[in-house]
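Across the two complexes that follow, chain A remains constant while its partner is chain B and subsequently chain C.
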Partner chain A sequence: MFRKREIKKLLQEKPFVESQETNTSSDIPLDSVEFLKIIQQKLHYSADFKTIKISNLTIIYIDTQVNIKELNQNIIGHLKNVQVYTEKNVITEIAVSEIQKSYSMKNGMLSILKGSVGIHIDQTSTLLLINIPTDNNRSLSKPENESQVVGPQIGFNESLATNISLIRRYITTTDLHNERFVIGSRTNTEVSLLYIDGLASQAMVTRFKEKIKSIDVDGLLDSAVLNQLISDNALSIFPQMLLTERPDRICDGLLNGKLAILVEGSTMAILCPLSFIEFFESREDYNVRWPIASFIRLLRIIAMLLSVFFTALYVAALSFHYEVIPQALLVPLGESRSRVPFPPLFEALLLEFIIELLREAGARLPTKVGQTMGIVGGIVIGTAAVQAGFTSNILIIIVALSALASFTTPSYTMGSLIRIIRFPLLFLAGFWGFYGIMFGFCIILIHLLRLTTLESPYLAPFYPPRFADWLDSIVRLPIKFTFRRPQLARPQNRNKYNPDKVK
Partner chain B sequence: MEVILKMKPNQLVNAFLVFFIIHTTQVGVGLQGFQRIIYRDAQQDAWISVLISGVATSLLVFIIIKTLELYGSTDLYGIQHDVFGILIGKVLNCFYIFYSLLSFFVVLRNYIEVIQAWIFPELPLWFLSMSMLILVTYGINSGVRSIIGISFFSVILSLWLLLFISYPIKFARIDHLLPMFEADLISLLKGAYNMTFTVLGFEILYIIYPYLKEKKKVMKFAQLGILFTTFIYTALMIVAITYFNGVQLEKTVWATLSLFKIVRLPFIERFEYVAITFWMLIILPNLIFYMWSACRGMERVFKVSIKRSVWLFSLIVIISVQLIITRTQVNHLNDLFAKCAFFVVACYPFILFSFAWLKKKVFNKGIGT
Partner chain C sequence: MKRLKIYIIILWIFILLTGCADRKILEDIGLITTVGYDLAGNNNIRSTMVVLQIDPEAVRNIDVISSEGLTSKGGRLNANLKTSKELQSGQLRVALYNEEIAKRGIKPYVDTLARDPSISDLTYLAIVEGSTKDLLKHEYHNISDVGQQLFNQIEQLTDKEQISNATLQEVQQSYYSDGIDPILPILKRDGELIRVTGNAVMRNDKIVGKLSPDDSFYVKLIRDQYHAGSIELPFEMKDENGKEQKVTTVIDMIVSSRDLSLKDKNIPQFDLQLNIKARLLEIQGDVDLTIPTNVKQLEKALNNKIKKEAKKVITYSQERNSDIFGFGEVYRSSVRHSDLTKGKWHEKYKNMTYTMKVDFRLVRTGITE
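And now, the complex of A and B:
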């Protein structure tokens, strides 16, 4: 804990602002030889640790972490002009904006590890830290996993600073709060909490900060892990916070009073609180006209239901309730199933398994081979399975349809949930028919009612019923009517704009 | 025992949800085949009996809410404790816990009966009761708000079933209703009395009342709930009378389900299979509310936590469900229960109200004295 607090203090230090520490509490040795010895011991004589001595200055850095060009031009190049080295003229000579003074060995070390150059002046107990990290980020690209037709085509990359700048490009206001935390005792990963002051509920922000501070892990490599660590019900299969790589989706959430969390080194940002239905919404719904948006949203909901229940209904109907199938349909069904030696449950499980196999292989394979996978999977296995009498034609249609439907969900995590949840339902249907399916449905319903997202109800706005928010849930009505922010995040300001002035 | 209950704000729910609570607790197993027993007494005027029972329930709800309003924020267990004193109060509270459990049992047994008769004759009793108890336990463990949520979704998600009731109207013969107003008052009232088992459920108000936010609006929404239920019952009664002829109806045990039988869609036939299994969602709030009020009684009277008493009661139900096996036994149970319920639901509220009113207004005694 103590260590974490120290790091936090360091990260909040602003350039040229004297920190609270005084010279007396400094643990940096006055003598530069001793200083160098301690540093090298702490770094275990690391191969990429470099030192330069210029008169009474000791310049230390890790050459894989700093921008060598900038070091040469703006630090060493300038320091050569000076004859007398004091702290003051070192600071004025160096042509880099981010200079910090540190009195603590530990903070200094951490900063050097993250890409700072340290300058120690002999016979002083301060360490000047000049931040010039290497610029080894991937350039911004399209959000591959959440593509949209209408809307911006830019996604987050692995750099926290770039991601925040992307958000600031959309939301230019002084009210945008950015709070830093450090998580992970070994990785010391920087985490940013973003919210708009005056919109986000203070209670929620406090609750969230408590959650983040209570995390005690040794490493945090991705926001997806953080997402699992801070969600209300960690054992549930349902995602309770959104993971997205689209800056516009995050900004939309921020403008509705939600909180966003960005993690250094992660291309996904977390948005919370998020209700169940919002996982089926996409930013694109606001970019197209409202009838189209409403249609697409309804389509997604139907696709979700279809994907979860269709195969199970097929199995149940064929195993127990063939009376419900109309006669005209019973004939082709019987014909296509006449050569299949397995019971419907086994047949469906086999095919679902093959589809999952293809999907997983497709996700792992390089793009060029991926196309071959489609052909092998779709045509070869599909046709062969039917001709070999393994499965019926109709089941192939149903299974393929439900696999397709599961991909219409904009959120990848929700999409995979839909695919997984099918299997228990298949078993229930295979053993107890419609009764089993209904049992599964009731369990899911009660489970959804139990869930909370940042201690707000997960099934909002349906339950508890907030009728004003229904206008922008499974349908999207014209902008004129959806002027209220959803109540889920308990925004401080309910109205987005004056509805009378919007056409 | 504390008479006045102070709830935390995060336990309270909006008053308009009473509409859904009342509606779901009323609609349940009774709806599947109430037409026959009413028709036996009131013949083609059976729909008038249904209306009479609707008016009666509305009056009863009025009395129940008035009793609760005398205290502000309490439940039946608190009132009985306050009005009748510690000993008699405790006995009456135990009796109400038993009544709730009995209602639970009757609803469960009747639903199992339907499942076994229509869909799965070979599924054993213990399996069906166990699966329903899993749902009930899971529901109760998720708290009052979620329980009310289940009743909300139960109404919303099953409204579409009503549409299919319009299907038999195509074959309805309106002259089955004629001659009107032929039955005398006695047989009409007898019919209304037979509705007891079907309209039962609104007594949940006694227990759920402290959890409602705006107490002033409770009356309005509770009456709306009753109105909606009565509307559905009357509509179903009329459809059944016009669709079936008299002899047929007297022999049809589950008339509502038989009405679903003729629904025919391009991709589905024998719609009653869907309707009966979907009925689980309609039954579930019933079961959960009855079990919950029993458990709530255990918590209030004996300070046993709800989670524990759920397990205890589930065990009792699973064992006792094995005792009633045949159709005649189930019928017998229903008749017995209807008699018992008629007293609890139709007579007792008046008695309780007059005692509570006397104590408060005439003797001017404070709460807890």
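And now, the complex of A and C:
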């Protein structure tokens, strides 16, 4: 198919700029009948492919892709006034800003597929491409998956152009770089790489571009797939780049010298590099005062640890280490356990499985039916399971608590990771007790230490220790103290502002 | 490929080693919360165990099992014959020793507890006047779980500084260090209640004397360097008219500290200074505390009283030849190459002399009528 560089060049062309290709290299036939024949063959006589003939002009388009109203008003309506159809006359007459000349059949076809109208003038080997795509975007709405109380209430939608304009609304500077790539030999998805010149590390930008260029897939339907394709360790369970639908989060990252990638047709933008701890940060932390922000961040970290380890600790303590159970808990724990016929591991697995079922069902069900889930979960699982002697009621509290805790993570990908990672730990706890949990914890820690995000250490700023960055990690100190950009992204300029002038 | 092999090996280890962990599921074991040791005939030891019953339908939460054996662990094995659940002592909170056993020495019975990693170092140890079986087996009217009751009672009293902290770790530490002897509380069943009757003065691991709870206060004052609790003190003092009158006060130590230093290593002779800051909780007697000179008088009287009583206790301990105050610790740290052993120090301790100063101050007298 096409070479990517060629397409990239083409897509970066501005309207009215002559294509770099010369006439001699043109593969567009002079004769309009022959031209039409080739086009139709290429499109396999597609049902939505339409042609209009006005004297020596052949207008071709795909009627599902172009804005018919604009086509009628600004192209055909205007062309009616023209006496002699030369290339120059046609260009001046058409009232659309984005007109392009193409000498290549392939590029022409690609544009037409994306919503351009092609005009071929008989006995010329050029194809005029007028871009009037249909406007079928969803209107902007609240970011449903990453809601915030304090802060802007707007999320990305599926249009790349809209998403970039959202970012430009926050960051109005000439330094904002926007580089376009095309990925997918069949989908030809446009991808935009954004970064701020003078902040983002050039080495990282270069490395990142290489990564994008090396991708060879036939289809790219969402940024989440791209995220997996360009991650340093694609096999790891840990997300190494942030997927977010909040423009303010992306802008915050850009201002810290990070890179952002937006994909056409995807509501999520990718932000990288991102360290482990930053997945537990939210933009809202900067909108509220620092003690509150620090408290919330600590809460999230504790919730994460609780969610991952609490059930495992319960299982281990009840199967192996009865010594550690506080005396006051012995009788209630023992009594609720004595009704359960299963060993603690099986009991915990059963309940975790039920909770996961509820959660997954809740995510898939339509909102109207979704409310029933609460009732089903609350009554059937909560009360009936205990009365039937299926599980102990203390375990229900523990499992519900850890399920609740896993929702506090602002990043959905990190949240679902926490869901999954407790299962191996549960098995380890059930087979080996505290030794097993420690073993699992060590494996996770070693893995985290080895992970990198865009070849920066994933556990920064804790390992390697970068003490200046600790001020804005699990706690957030006042703005006066957090004037330095995190070292993770190797920003060219480390200071955000002069701390002396900030109170 | 090499990595894959490693992963497969790890997975195999995981599967194969799962049987190696010794599983003790909570509801399948009998949890011993309290254990008591008595002497029985034929050199046997009778162990009495309070076992926590985890059965919602059972009337009583606990089960008290007695059995005999040549050793304490043997007693447990024999007790196991009487239960449906395997007896485990990981939840042991209190270990009781009958006075007769304590006269022979409690070391082997303490040692076996310390040897077991599942037993907490914070297990309380205590001496019982009379048989421990009687104390544990008795069906008290108001106590449903005698084990829980004992633990809470000892913990409460230890927290309130009324008895010395006699945890497994503390007793072992005192036993194994050369310059200090352990001190354990003494319990007794008093009708339907359990009473702390005082403290046992030990020489090494043998009981050699008893102190009343009031006397134990002075031991705490000198032994535990930082804090002693409250005490009731009756004494006589002169009122404004110079007439002797009986006064009883209850004082609460806010800060107490001791300075102990070796003066002469040959006799040996010590300098003992007690610094006490206290507040007055109650006073019985005709003393007008609004007059500063009266407060001074009171301080002086209390000072003398404390000095007198403390001297009495130290003399008693010297008679019994048990250094429960830790003079030997100071000796050992002050004298180089002393090569102190338990025996050597007990020889020296008999002849020890000391000078004592008490600096008693009433910081607060509270609201007076």
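Points to keep in mind about this one:
Note that the second predicted complex is superposed on the first by the 501 of 503 C-alpha atoms of A that agree within 3 Å, B and C clash if a C-alpha of one lies under 4 Å from a C-alpha of the other, contacts with A are read in each partner's own complex, and residues count from 1 in each chain.
Here is the rule we go by: contacts are C-beta pairs under 8 Å (C-beta built on N, C-alpha and C of every residue); 3 or more make two chains touch, one makes a residue touch a chain.
These figures come from a predicted structure and were not determined experimentally.
Placing chain B and chain C on a common chain A by superposition gives a clash between them. Shared-chain residue A:F407: touches no atom of chain B or chain C. In the superposition on chain A, A:S338 makes contact with chain C only, while chain B stays out of contact range.
In the superposition on chain A, A:Y170 makes contact with neither chain B nor chain C. Judged by the touch definition given at the top, the superposed model places A:S319 against chain C, while chain B stays out of reach.
Contact with both chain B and chain C is seen for A:G433 once the two complexes are overlaid on the shared chain.
In the superposition on chain A, A:F310 makes contact with neither chain B nor chain C. Clashing C-alpha atoms between chain C and chain B appear in just one of the listed stretches 147-155, 201-209, 327-335 or 345-353, and that stretch is 327-335. Applying the stated touch rule to the two superposed structures, the overlap between the chain B and chain C interfaces on chain A comprises residues 320-321, 323, 325, 327, 432-433, 435.
Those residues of chain C lying in contact with chain A across their complex are 14, 17-18, 21-27, 29, 31, 33, 52, 54-56, 61, 88, 90-91, 93, 118-120, 148, 151. Contact residues on chain B toward chain A in their complex (touch as defined above): 13-14, 16-17, 115, 119-120, 123, 131, 134-135, 138-139, 142-143, 145-146, 149-150, 152-153, 156, 264, 266-271, 273-274, 277-278, 280-281, 284.
Listed in rising order, the residues of chain A touching chain C in the complex are 317-323, 325, 327, 330-331, 333-335, 337-339, 343-344, 431-433, 435-436. Across the interface of their complex, chain B is touched by residues 320-321, 323-327, 329, 432-435, 437-439, 441-443, 445-447, 449-450, 457, 459, 462-465 of chain A.
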